[in-house]
Structures are given as C-alpha cells and as structure tokens.
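Below: a set of structures, written as structure tokens.
One chain, chain A, links the two complexes that follow: it is found with chain B in the first and with chain C in the second.
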Partner chain A sequence: MVMTFINVNAQSVGMVEIKGGAFVPLYGNDSVKVKVDDFFIDVFPITREEYLQFVKDNPYWQRSNAKKIFADGNYLINWYNDLHLNEDTPPQAPITNVSWFAAKRYCEIQGKRLPTMDEWEFVAMANEKLPDARTDSLYNQYILNWYETPKTFNQQIGSTFKNYWGVYDLHGLVWEWTLDFNSVLLSGESRKDVDNDRNLFCGSGSIGATDLMNYAAFMRYAFRGSIKANYSVKNLGFRCAKDK
Partner chain B sequence: MKIKIYTSTLLLTFFVIGCTESSKKSELVNKDPSSIVVKGESVANLTAPPLVPDPVGTREATKLIVNMEILEEEGEMTDGVKYVYWTFGGSVPGSFIRTRVGDEVEFHLKNHPDNKLPHNIDLHAVTGPGGGATSSFVAPGHEKVFNFKVLNEGLYVYHCATAPVGMHIANGMYGLILVEPEGGLPPVDKEYYVMQGDFYTKGEYGEPGTQPFDMNKAVNEDADYVVFNGKVGSLTGDNAITAEVGETVRLYVGNGGPNLVSSFHVIGEIFDNVYIEGGNSINKNVQTTLVPAGGSAIVEFKVDVPGTFILVDHSIFRAFNKGALGMLKVEGPDNKTIYSGTVQEGIYLPEGTSNQEMPTQGNESAETGKANSIEESIELGRQIYIRTCFACHQSEGQGIPNAFPPLAKSDFLNANPNRAIGTVLNGLTGEIEVNGVKYNSIMTKQNLTDEEVANVLNYVYSQWGNNKTEVKPNSVKSIREATDH
Partner chain C sequence: MLNKIKNFMANHNFNILYILLPIILIYSCSNPNEKQSNTLKNLDQEQVISDLSIYNLPSTWTTQNGDDIELKNLNGNVLVMVMIYTSCQVACPRLVADMRNIDAQLPQKNKNNVKFIMVSIDPETDTPERLKSFSIENKMETDQWLFLRGTEDDTREFAAVLAVNYKQISPMNFSHSNIISVFNKKGELQHQQEGLGMDNKETIETIIQLTN
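Entry: the complex of A and B
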C-alpha cells in the first residue's frame, strides 16, 4: 500500500484525556445525571492493519481459530484468509466484523479496556467546538445523515472531524462496541421484556423524543439492542479506553 | 338462527341491528381459521410493485416460507434527485406478499451485511405482540425467523417498527400483505400494486443532488414528495400500468405514510367496488376512497373506453406539485356513447386576456442550472422538461390532441426560436397552427431563469426530429428585457 498516511495511526497518536463530568444521557424516562470519571480514550478507532497485527500475535483470534460462541460466522468474513486483509478496503479503515469478545480482548492485551457506554456517549456529545453539542441542530443533522449514508466503513480513520476533546470518527465511519453495550433499554435477553420494548419500538418516538439528538441516540440504542456479544457486523468497530 | 329470534324480544332487537348479512358472515367466522390444517410447504413468490403474485385463494392452506431481504440503497426520487431508501426486498413499497386464510407463514427477515441499521417488521396481518416486530429485530448481517398463522382475510400493511419508527417508514420501509379468503377473491383481468408514501428531504421538491432525510420536516408533516410506488414517475410514461377496453382491473392500494392520508382517485373512472380499508365491507360506485396511513383499500373497476386514466391523491396539489400521480393506459376501440371526446371548442376568458402565471420559486433555482456545454445544457433541460413541461406536452413531445400542441417535429417551434423563447417566458394565449392543426389554448408563463429557459429549449430542440437550434442564455436575457414591462 502506497500511503504516507499509514504512520499516523492510533497507536502512535495514542490517547487523549477526557475530563469527566456529569450529564443526562438520552435514555430512560427520568433525568438522572450520570457521573463519568476522568479517563483516556483512543483518538481513532482501531484500524484493520492494527487488528491484523493483533491476530498475528494472538493466533487464538485468527478467523479459523476463533470459537463461534465468541465470534459468529461473520467474524473477519471479508478477509482474504486468516492473515491477509481483503484489498477492496484500505488497511487504514476501521476494523469491523469483530465481536465484542474479540474487541474486549484486543483492548485488554494493550493494557486498556472498552469504553463504557456512558463514557462513549459523553465523548460523542462533543462537536468541534463544544463538549456538549446535543442541542445544535446542524450537528444532529450531521449524525443522522451519517446513519443514512451507505458504506462508510470503507473510509480511512481520521476522515471525519476532530471533536472538542481531540477525538476523531465517533460519528461518520462505523458504530463502536462499548463495554456494556447491552445494559440499557434493550439487550439480547431483555428484548423479551415488554416494558423495555416499549422504549424502543412503536411507542418510543411519541414520548418526549421530539428533538433530533434523541432520534440519533435512539438509533444508536436500537443498534446496540439488536446485537449480541458474539455478533460481528460490517459497520461495527471499536476503540479502547483506559482509567486515569 | 330464526328460531332464536322468536325466543325473546331482546334478541330480536339484536338481530335487527346485526342484520342478515352479518349473520351469514358469522357462519364463515364460525369456521375458526386457527383450526385450518395446513398441507405441504412452499416458498412465497414475492413481487416488486406494480406487480402482484398470482392468486393463491384456491389452493389449500400451506406452510408458506417468506424470504425478505432488507436493503439500504440509493435510488432516484425524481430525475436528478437521489435519495437513500431503506427497503423490504429492494423496492418501495416492499415486495408484495400473497397468502390465504389459514396459511402458516415462516418469515425469514434478512438484514444485508452492508446495511448500517437494525430493522424489524410489523405485519398488520399478524395476531401477536408487535405484529412480529419484537421477534424479528435483526442486526445487519443477520437473519431472524418467526412464524405466524394468518387468521383474518384482507389487505394489510407491513412496515419496519424499529426506533425511530417514523424515520424507518419515511425512508420507504413499508409494503402490503394480502390474505385471500378461502376460495380466493373474484377473478379479474388485471391486478396491480400501488402504494402511496410521503417523503421529507433537505432540499425542496426537484432540488438536484443527493437529498438527505429531513427529520424536522417529517415531524412537521411538511412533505416535499408525495408519491406512488416510491418515486415520482414510477407509474407514468413507459412505467404506466395497462389494460384493454372491457377488462376488469383490481388495484391493491396501500398507504405507508408516515404522515399523510390519501384521497385515492382515478380520474375518469368510478370504482365499481371498494373493499373499504382493505376489509370485507364492499362499497359500490365510489369516486374517491380514503386510504389511511398504515392502511389500505382494494378498488375494482371495469374499463369501458380507451385513454389514459390518471391515478391521483385528490388532495390535488400533491398530485401535480409533489408527485402523487400515476397512469393507467387503456387500449381498445372507442365507445362514443359512453364518452364522445370533445365535440366543440373555443376560448372563454371572462377576466380579460391577461396571461396566467406560475408562482415564482425561491432563489435557489436561480443559482443552479449553469451548463458548460450543449450536452450538459440538454441534460439539465431534460430535468426541467420532466418537471415543468411533461404534463401537457407529454414524454415524447407528442402533446395531447385538441388540447396541447406537439413539440415533436413542430413547424411552429422550428420556424422561430425567438418566438419559442418568448412563449416560455411570457406564455401564449390564442389560436396557433402547429403541423397543420389549429390549437386554441393557454400556456402559462413559466418562472424559469435565463439559463433554465435556454436549457429546456435546447433539450426540446435536440429531441424528436427538431432542428437542433442552440439557444444561448444571452438570447433569453435580451428577449426577457425586450418583453418585460
């Protein structure tokens, strides 16, 4: 690959510190504030190239070795083989088609962890200028437009905006795993729970969810609710975080 | 039943209200559909609009496998306007599903790996929580299977019910499932699938480019497009549905919404039968039937005379300004007794001779449409033609006999380009002769920019055997200045 961009990867650029705080996440019906402690988060999502190195170092996570209960049949499905990326997507695009188990392990081996959903949402509230841009209609429209744009997983990391904290690509390339992705509203198991369903199916849009950010958030929660920890999805990647 | 009537006056009252027809129906209902035993197994034949699968009402109830794939993909809302649709089966509305009472459906919902979002399906024909939505919630690259037995006959809407529900529907995630009664519906000659939907785009109607969904407009129910079968022109010109004189036509009409109800009407036809709201109740001799958002109707009529019959939402600005217009072309011999055609014509202008004027659009349209070459000008002109001229002068410039003169091989047009420019700018009233035929009609003044006038005339001059005159925006400008008052 003839790309000078390659050296500017997530590892060398590393992480940035996020100053914690309290915020009201856009889920649930009450307005209870959630406290987020100071933490570090990767500037970029993990790339395909970085993940390739990970499976070279950790053969257990190569496609043909990974256990189905930890990574379903879509795990790295587009790769040429265990150790060769397919060539129709750049090596600097975010890694996708990885399960939660694999993502979690990747971060652990780096001495990191997946960000919690509250941490992720806290950082993702920020646009270029403001730590909380949730009331900015342009920002919300940007996010919604991304949700509607096909095949963004093919783009390189860093190709969307740098936010207030110095973090790239939270919106615009791929969805991202969080540590507790299935803890709110919907999960693989709680979908059977009628009370939880009400929050995300037909009734949801009618109760208080009139502003755009709620719609964008609903779409994220709906997505998270549709996945299970062994799922590998073409539009779903991850990045790591770390306690301060 | 009659014995019971005499047993008590209270019951008598009940039966008078209930009426005999419903007691007949109750015999059918008594055959509990849930107890119908299925035989064999088959894979459902699904069709994209405007087609419907062959009737299934005469076969025995069966285990029916439905394979439905969800695709998020870019399509064309109208010429030059792209939109990312979310679809059931690759079309808007989604694939037509045809079942009969008692069928046991095994529904496979497949979310394509390239898709970004989870989806599900709520079929109004399902008896069960969420109409299947809770059991079919499926992540991209995955498949969910659920089973249901169809108990109630009728024409039902299905749609995606994943949050935000309105957005999923607004992007095209709806379709129809028909449940035929035992023995089927009465046979007809032609059946078609027509479904209305409203769309909300960042740009106004016709603004070129890829147009994202606009949530604010959707919440305000301020639709930019109201269309049949997912896009402007899906049922016009070459895409028109067809029938022969003397045939009976049945339309399965649905309305996906998300917001607007449809006043469905076919210009020049009267519905012989309307299955009100897609149920069992049949109304006769209906001009316009209301199709609620998330609802349906089945309409039937016999076509007696040839011609083009226009399908509209009779909330009429939607038809002529937002796209809710389709065509049924009927071929065959005239019947002058039923319809004579024009027998006399003339001008009637009680308010004087002042020309009518189309409303001015915003400044946006003035900024677009600069062509760098004659080819580009012709292409831009084609888009303007479709939006502005098509309704009267028709797709091949053939016009409409006795009403609107042809632009194809038009001696009037080719003789004098400056007159043509003036006509587009200022309109034209009164008698003219085109290719040996006299027309006495009104063309409205068109509010187009100099560039747009040049583009549309370049398109017209380049088509249909015309003399390929090239019109420059400057010529338009000078004629505009000369004729402005």
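Entry: the complex of A and C
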C-alpha cells in the first residue's frame, strides 16, 4: 500500500510531456488522421536493473513463478535465476525477453500504462530537430540501418539520440511493446482470414512516394502483427506512458 | 556449469533455449528463499488453476442478464469462445452462424458441460441490454449461451490471450480476426479455428473429445 502511494506521487519522474496532435499513421486507418491527446512518456526504456526491482517487489512476475499464459518460456531467459541478472549485459541496458502482460503490469504498478501504438508512433516520428521527420531520408536510413544491426539490445539506455521531445532510444536499441499491439491486422503469412485487411496495406497506402518511411513503419507494424502477448522476445522491451 | 550454459546460449538460437529452459528453471528453483516470498494466496491458486488457464485472468465481466462473473466461475465447462460486436454487418453474422452450427452438430449427451461464449469487442455500444436483445434475435437464449462485456482494458487483454487482433476503424465498425477458440474444463486453450465459413469438423471433434 505504502509503495503504491509513493509510486503514484513519483510517477512523472523520468517522463516528458508530449504535446498531442493529429497525424496520419503509416498503416492503420487508411490515411485518416489520428488524434493523439497530450500525454507523458518515459524518457528511456525500462532497464534490466529497474525490472529486477520490479520482480523483487512482485514475486508473481519472477521467472519461475510467471504463468505461461502470461509469459512464455523465453521470459527473462538469460537471467542467472529469478533474482540475478546475467552479467554479460549491463544492468543499464533495456529489459527485453518480457511479455506484453508483464510490461503492462509493470507500468500499472508504477501508476502508468503502456503507450498506445498511435502515441508511440507519434513520438517516434521525431528526430533531433523535428517533431515529424518521416520525410527525411537520412532519418529513415538511420532507422533501417539499425534494423540491420545485430545485438543492439546489449547497449545501455541513452546511447542513441535525444529526439525533439527529449525522448531517447525509440530507434536504435530495442523494439517496444505498445498497449494495443494486437490491433494490427495483417494478412498473408502472419495472420489469415481477417476481414478488412485491405485497410492496412493492400490498398493505395503502400504505393506512395515515401517508400523508405513506409518500409521502416511496415517493419514495425508487421512485427507487432506477428507476435502474441505472452511472447518474450530478445530485442523487444518497453517504456511506460501516462495520461496528462 | 552455469558458464557453460551461458556460452552455449550465446551461440545458439531460440529453439535450443527452449530445450535448456527446464535445466535453467531447476537451477533457479534450488534457492528456497525465493519461493518463500510467494504469497500463500498465489500458491493456492497454483494448485487449483494451471499455468496455461484463462482462469488466471482476474477480470470481471457482465453477462447479457446483467450478472457479474469472473471467468473462473466457468470452471468445469468446455468453453467455445468468439469475439464479436453486435453492430457488425459483415463477419460477425457468419461467426454467429458458425457457433450455432457447431452447437447443432454436437450430440445431446455432450452438450451439458459446454458453454458458448460471445465476448464483445465493443463494450461501449454493447451494453448488457443490447447483448440480451442480440441473444433473443439470434435465438441464443438458453443457459448455454453467454454474452460477455468487460472494460476496454480487460477486453484488450482477453483478446491478447486469444490472439485475436482487432481495431476500431470507425465508431460503428471494427476490423477483427475471426477466431473460434475451444478451452478444456481447466480453461486451457485446446483448439482454434481461424476464418469464416470454415469446416467446423475439427472444432466439433475437439469439443466432443473434451466432453466425453
């Protein structure tokens, strides 16, 4: 009870405010603008060290206790045991190999929540200077180069650029869970027999001129569409958000 | 030994990690202090509810009759579940038809412990009253049929468990994957049928097997 109280009061520490707005996500509502309200988001992804504290406080989420329905066999798989991190990755690196359920619970216990996909994409379209750098070819190339770089999850948080909003590491270290990752509907090899999948990428959206930026976003949406909520993946971490 | 495992893990892929997991878990379980921090309540639940059971979900749902239930209240039934919304024009009527078809093909003796459950992905529109009239329109009025409405958050979480993806694309319209899921009496997922107007044979066979 006391812990919860303290956390609620400290909930804006380490967060920055994002001024909301309307934008057209690359895949989703068929070129319809999406409105994002003002919100707070963590400056950095959650670290391994922070997650260790979470499992110390919440034994339910320790590796040997976590229910398989909420966290698959890869959950925290590289840790030495329930309460000890493996030493070949810095404690300040982002936590990965955590399921959506675990990430969601982590944020809830801090009095926060996971960011929605629209919120995440909204913040992640900023580079150092611009809130929306999606048409900047250098920016897109940076993201795509990262997608091809192995093992970036071993680097410490803060080792990539600080964006327009003051948020670090959205691109360059790990991929991140979003609250509604399961709103991505893909057809073909990843999911079958979903109605209305044309709205996603079979339509005109993918034929536009901004191929590079579409490609980078396509990779993210495709990834989200292919994972399940109890998957614990080596390059997938998270950060939290909060309503204003 | 641990170092060996570590090196091995660094050099091999996920499948091998899976095989190694039991070994690692045995190591991690050997420290009795860690186990002690587990609350009695959790240990109790562990004995009753299996690791893969949807009865681990703590959410509360309202039925078409206005009753509040938790999923674990359904313990002991074979559950046939689908996620729909009542204002749906295209896919849902066919999913509903699939559910009715499955029901119709079950031998009478297998029906006693089967519940057909429709979970709304549009809790804002689908009030218990609305679900009730939907059940009447579709002649799904026996105790066997259950229509559930939860919070937006719990609905998203439940969909995540079922691996059902959905997105609101306009105030009255959702895109969603069409999946009928069958759970055994312990609440563990046994079978999923994906797609519309599919052959229901495997689903029916699974239900019969689980209720025999």
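Please note the rule applied: the second predicted complex is superposed on the first by the 207 of 244 C-alpha atoms of A that agree within 3 Å, B and C clash if a C-alpha of one lies under 4 Å from a C-alpha of the other, contacts with A are read in each partner's own complex, and residues count from 1 in each chain.
Note that a residue touches a chain if its C-beta (ideal position, glycine included) is under 8 Å from a C-beta of that chain, and two chains touch if they have at least 3 such contacts.
What you see is a predicted model, and the numbers here were worked out from it, not measured in a lab.
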### Message
A:Ser226 in the overlay: touching chain B, chain C, both, or neither? Say first, second, both or neither.
### Response
first
### Query
Touching A:Leu83, do we find chain B (first), chain C (second), both, or neither?
second
### Query
If you stack the two complexes on chain A, which partner ends up touching A:Pro59: first (chain B), second (chain C), both, or neither?
second
### Query
Who does A:Asn74 touch here: chain B (first), chain C (second), both, or neither?
both
### Message
Considering only the contact definition stated at the top, list the common interface residues of chain A for chain B and chain C.
### Response
74, 77, 191-192, 194, 197, 225, 234
### Query
Where on chain B does chain A make contact in their complex?
72-74, 84, 113-118, 120, 122, 129-130, 133-134, 137-142, 161-167, 171, 212-213, 215-216, 219
### Message
Quick check on the complex: what are the chain A residues that touch chain C?
### Response
28-30, 59-60, 62-65, 67-70, 73-74, 77-78, 80-83, 86, 88, 100-101, 104, 179-180, 182-185, 191-197, 199, 225, 228-230, 234
#### Entry: chain B-facing residues of chain A, complex
74, 77, 97, 137, 141, 144-145, 147-152, 175, 191-192, 194, 197, 200-202, 204-205, 209-210, 212, 215, 218-219, 221-223, 225-227, 231-236
### Task
Sort out for me which residues of chain C touch chain A in the complex.
2, 6, 9-10, 14, 17-18, 21, 24-25, 27-29, 31, 34-35, 37-39, 42, 51-54, 56, 90-91, 156-157, 159-161, 163-167, 169, 175-178, 194-196, 198
